[in-house]
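As written, the chain order gives the labels A, B, C and D, with residue 1 at the start of each chain.
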Amino acid sequence: MFDLGSLLNLAMSGITFGMILFLLAAGFELMFGVMRIINMAHGSFFMLGAYLGISIARQTHNFLFGILMGAVSVGIVGLVTERFLFRRLPLHLQQVYVTFGIIYILADISKWAWGSNPYVLSTPALLAGSVTILAKPFPIYRLVLLGVGLLTALGLWLFQEKTRVGSIVRAGVDDREMVGVIGINIKLLSTLVFTGGALLAGFAGIMASPIIPVLPGIDWDVMTLAMVVVVVGGLGSLRGALVGGLLIGLADTFGKFLLPQVGIVLIFLVLAVVLIIRPSGIFGGG
Amino acid sequence: MERIGYGKHWPVVAIPIVLLLVFPQVASFYSVILLTEVLIYAIFATSLNLELGYTGLPSLGHAAFFGVGGYTLGILIAKGGIHNFWLCVIAAVLASAVVSSLLGFFSIRTSGAFFLMLTFALAQFVWGIAWSWRSLTGGDDGISGVSRPTPGLTISIMNEVNFYYLVLLFFAGTLFLLYRICRSPFGHVLQGIRESETRMQALGYDTWKYKYVAFIVAGTFAGLAGALKACQDGFVSPAYPSVVTSGMVLLMCLVGGTRIFLGPTLGAAVVWVVRSIVSSYTEYWSFVLGCILIIAVMFAPQGIAGYLVQVRGLLKRARAKS
Amino acid sequence: MLINFRRKIEVIAKARKDRAIYGFLRNLNCKEEQMKPTRLFSLLIGALFVFSSAKTVCSQPASASQTKSPIKIGWIGALTGPLAQGSAAALRGSKLAFKEANWEVAGRKIEMVVEDDAYNPGVTVTKVKKLLFSDKINLLMGPWANASGLAIIDFIKANKLITVTYQCAQSSLTEDKYTPYFFRSSFNDAGQATPFEGWLTYHLGYRKVACISLDTAYGHSCLDGFKKSFEKLGGKITQEIYTPQGTTMDFAPYLAKIDTSKIDLIYSWLTGSDALRFVKQYSEYGYKKTPLFGANMIGETYLPELGDTALGIHGILYYVQSLPNPENQRFLKMYSNEYGPELTKQVAAFDVQGYEASKLIIAGLRAVKGKVEDSGALMKALEKVQFESPRGPLKLDDHHNAVFLNYLFRVEKVGDRYQNTVLKAYGPLYQGWFEAGFQPPEVPVPGSK
Amino acid sequence: MHALKVEALSKSFGGLQAVKNISFYLDVGERRGIIGPNGAGKTTLFNLVTGQLRPDAGHISMFDRDVTAMPVHQRIKMGLSRTFQVTNLLPNLTVINNVILAIQALGPTAFGMFRPLTDYKELYAEAQRLMTPWGLWETSDMLVRNLSYGQQRCLELVLSIALKPRLLLLDEPTCGMTPTEVASITKMIHALGKDIAIILIAHDMDLIFGLDLDSVNVLHYGQMVAEGSPQEIKLNSTVKEIYLGTED
């Protein structure tokens, strides 16, 4: 049972799951980093992305288009939210409360639109099967997920390090006052960042949907996961999102494998431990 | 601000109390049950507001203590076979005090959004325990058969009206105590911390200590609310400490108004009645709640109570003119 | 009302203009240009109207000659929350039966008040109180969840409220917690259905089984019931794996625990999204060599989503859509006329359970000429009711629990459509049949030539 | 006995060295000004002394007691008190409550949970004594956020005095005020008891010479570049060039 093959297999499952969590948390971290807002509705964006993506993919019979549009349309939702709700709210906490209301609203809208049956995005044939690694079959789609996650991480890193907007984002993460001082349109920046964050959440949702069927209630579960990852990784740091995601992904996988009786408490145990050692998360400043 | 909800507004207190006393005599049986629930949630929300409105600590994990209170009472009655009402309630309150002092120790270090997430995560932990510790909590089946013990004086509280009066008693007591706390020096220190923690430190206050005590007090009263709810339902389930409950009570505070003492009570009434009524007509009740929250946050940062106070101010002004 | 709102808002808006006079008005950390609330308020009101007019308090127009007072039936289920899909299906079924009876029994109109308990037992208690004391119902249908059943059973007893549940399989409700006011037309999990699954699994020749079930009270009692018969007969359960309900995103680690070399069958009681995730990952991770059994796991609702991955999986349940008996065909036809072909494709056990619960009530009421007030007579009548349900012949035992046939089926692809095909039928099954040493005989599948 | 003794104090944020190896001491009752252009590390120095920031290196001792590791509130209890450059009050509380919170800070009553604050008459008397001279008593029922800027600065000072300090740190008490307001603040500082040691951060020289201080330190890029009596500083060449350098 503990042969190398199954261990590797487990590890890879954990990492791929961690990648989903990373995609999810990255958007969350971006939003917080620049706008100092906790987007409680992040799970709802995840859910919405999956629903929209699946519907579009089924209409157009085009897998990639579905994924693309799923993400983009959630980005648009984010844009609208930021533009018409947050702009009018001076306090960060008020914005948090609004995102909280959005959870309730999106939950019912999507229930009204898609009912309460679970939906699965059916992958094209060449991604459907599984390959054998050390005599253990491993789903191809998860490998794709792994690649996409790593690419996204790389992309975000390049964006942050190399582009001007990226440097602003990083600056925002470090010190938003300074951003204001060096004369950057913080409003525009916020809109961009929130849209991007929402888009990432939607992307996570649609990418995950072949493995994780979407149905009502998943928004709360996902929000919980996102929060745990972010708190563990440290608020406002993309590195934190990646490390936190992988850590929770692996902990979840191996925890279930080694001591299944712990069940749902497990990731919260991890969380508690991290917090006792480092109250501000692994990469959290201060 | 300071003045709002304070001062000598005795009618604000007296009239509702009279109404609450006569209510069961005139109203329908079900509305009594509904109002009992509202009162319990009012205790719950007001306790949260000690953190949220007065100390400025937005907690999304307050249901944890509600749950601890409920489960303690439920376990004592259904499994422990203890049928002394007061004993069970006191035990429940103490248990939630202990748990809140434990969770507070970790969460108080942070503030603002960080605090929100941390309380949320810690509450999820409590929920997870309630769900997985089957032998004690019965998992998601919860604990049934929590029969209401008699509070003495040979008064049976199985009768919903009597139970209503008992809850009303607790409600009045809780609000009185919390009101005194809010007006006391301690309460003002909390408000000071809400306004500017660095300033309070510069004045020589050990703010951590004050916040911690506030957190424990709030948790304790939340536990009382949970115990009463368990009594009413005759049942406890993991829904008690769930994030949905935390969200609901946060919603109540925000809708009612966090800077006004009676705001959360008002919010509890509005939210719970809306939820009960709307959910009888459509399964899309949470949509309505969501809209109410957003509208409240955007157009009434002081909540419904805030609006009422303003309207009163306007009336005063109108009278002054004429 | 809307007008009043508007006026109030205008007053306040005006007041905000001269903040200087009233200091405290400044505390509204809310900017001037935000004050266009009339639009949003009307929007909220609008939303309220739209959604409240949406559905569910349904008292259908009945035939002309109406003199007697209507019979009020309360229907409660988990219409929101993780199991909303099943509850909604059951509700459709229940309504269908009453519609069939034209919402009328013995000249008395039938009214139905629907309540949602959001899968929260506490709410169930409140809502049932509301139904009884506020809506003054004569009968109650439901609840859905086992926990909800446990939560209200004492209340039902104390208030002599005749209740017919269409699901709520918690075994003790019709065993040690038995009360004459509680009827169950669905099934009893650990005391009736799942022991049969164990019994049949053994008699199909499987000896070493790995079990995976939900970490909920329902999941545990299912597995216990299975174990009860299977191990008694001499089978061996190599692994018991419990997974959290709904929140298990990834089943890979659980699958990794299963050592396929040591077992000859995997048995699963997962439902809903968990079933979907599990079955998909079961085939992706190449476990298909080991046969997989499940009950609700492969209900027709999920077949379209599962696609090929579910092919060849076996199931043991008391209903599958493809049952050939005429009553089922009639039911499906009626269903499709009422709710359209799309929903009909998804008809599974839940829809039928809702339907037959209503059928039971109607039959009982007919027997007492609609005198619902005479609860004693009504209860006697309900006990005697026997009828042909879509899932085959149905009646109640002395503890008011359904007696029915069970079926072995397999997922097959017929044309471009996936379906559960019945292979064998057994029964009829009483609760506690296994303890009684009863051997369920194989019987011809109802309606088969 | 020294009111304050700072030894080789250093603090840096990321790359930026805000305070570089600063040492000085302050006698009981001594009044010292600290001047220097923006970003010279003046406020950082204050934050280190009060304990809002922890130093990277060096020692701080008050009244011959090492306080380097002591949390803010304990230092306050030892007789330290400060004002903030950026007004830092309790905006949504009334003026009177701001003052009372300051008065009771060191008293035993602060943890009282049952008696309403309004019952503590002695606090109100004390508050009146403190507020009346500066015309704040009339505004006592107003919310602080509704006070004029000048009044807020004045209150800032009153709060710090209410703590009965032995060592008072004033961070640009007059920054951004009209001449008349400056005058009143100067008056307040003059009125302080002679036994109170004061460190006063100022951006402009005039204030320094306005209130005959005993000595002046000049900070530049986190370093102490000059120390001496106001007169000496006035004539000091480096100081001149720093200021000429920064004026335009």
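As a working rule, a contact is a pair of C-beta atoms (placed from the backbone, for glycine too) under 8 Å apart; a residue touches a chain by one contact, two chains touch by 3 or more.
No experiment lies behind these values; they were computed from the predicted model shown.
Peer 1: Chains in contact with subunit A and with subunit B: which ones?
Peer 2: C
Peer 1: With centres defined by CA atoms only, which chain is the most remote from subunit C?
Peer 2: Using the mean of the C-alpha atoms as each chain's centre, the farthest one from subunit C is D.
Peer 1: Of the chains shown, whose Cα mean is nearest the mean of all protein Cα atoms?
Peer 2: B
Peer 1: Quick check: which two chains are joined by the most contacting C-beta pairs?
Peer 2: So the chains sharing the most C-beta contacts are B-C.
Peer 1: Per the centroid of Cα atoms for each chain, what is the distance between subunit B and subunit D, given in Å?
Peer 2: A distance of 42 Å separates the two centres.
Peer 1: Approximately how many whole Å separate the CA-defined centres of subunit B and subunit C?
Peer 2: Distance between chain centres, rounded to whole Å: 33 Å.
Peer 1: Rounded to a whole Å, what is the gap between the Cα centroids of subunit C and subunit D?
Peer 2: Each chain's C-alpha centroid was found; their separation is 70 Å.
Peer 1: Among the residues of subunit D, which ones contact at least 2 other chains?
Peer 2: 92, 143, in rising order.
Peer 1: Note the residues in subunit A that touch 2 or more other chains, in rising order.
Peer 2: 88, 94, 111, 224, 261, 263-264
Peer 1: For subunit C, what residues touch not just one other chain but two or more?
Peer 2: Answer for subunit C, listing residues that touch two or more other chains: 24, 27, 29-30, 34, 80, 84, 215, 244.
Peer 1: In the complex of these two chains, what residues of subunit C are touching subunit A?
Peer 2: Counting only subunit C, the residues touching subunit A are 29-31, 33-34, 80-82, 84-85, 88, 215, 241-244, 246-247, 249-250, 252-254, 256-257, 259, 272-273, 276-277, 280-281, 284-286, 301-302, 305-307, 346.
Peer 1: Given the complex with subunit B, which residues does subunit A contribute to the contact?
Peer 2: Within the complex, subunit A touches subunit B at residues 32, 36-38, 85, 88-89, 92-94, 96-98, 100-105, 107-109, 111-112, 220, 224, 227-228, 230-231, 235, 261-265, 268-269, 271-272, 275-276, 279-280.
Peer 1: Flag every residue of subunit B that touches subunit D in the complex, lowest number first.
Peer 2: Interface residues on subunit B, with respect to subunit D: 1-3, 180-181, 183-189, 191-192, 194-196, 198-207, 213, 259.
Peer 1: Which of the residues in subunit B come into contact with subunit C in the complex?
Peer 2: 1, 3-4, 28-31, 33-34, 37, 131-132, 134, 138-142, 144-145, 147, 229, 232-237, 239-240, 259, 276, 278-288, 291-292, 295, 298-299, 301-302, 306-307, 309-311, 313-314, 317
Peer 1: Within the complex, which stretch of subunit B touches subunit A?
Peer 2: 58, 106, 109-110, 112-114, 116-118, 120-122, 124-125, 128-129, 131-132, 243-244, 247, 250-251, 254, 283-284, 286-287, 289-291, 293-294, 297-298, 301
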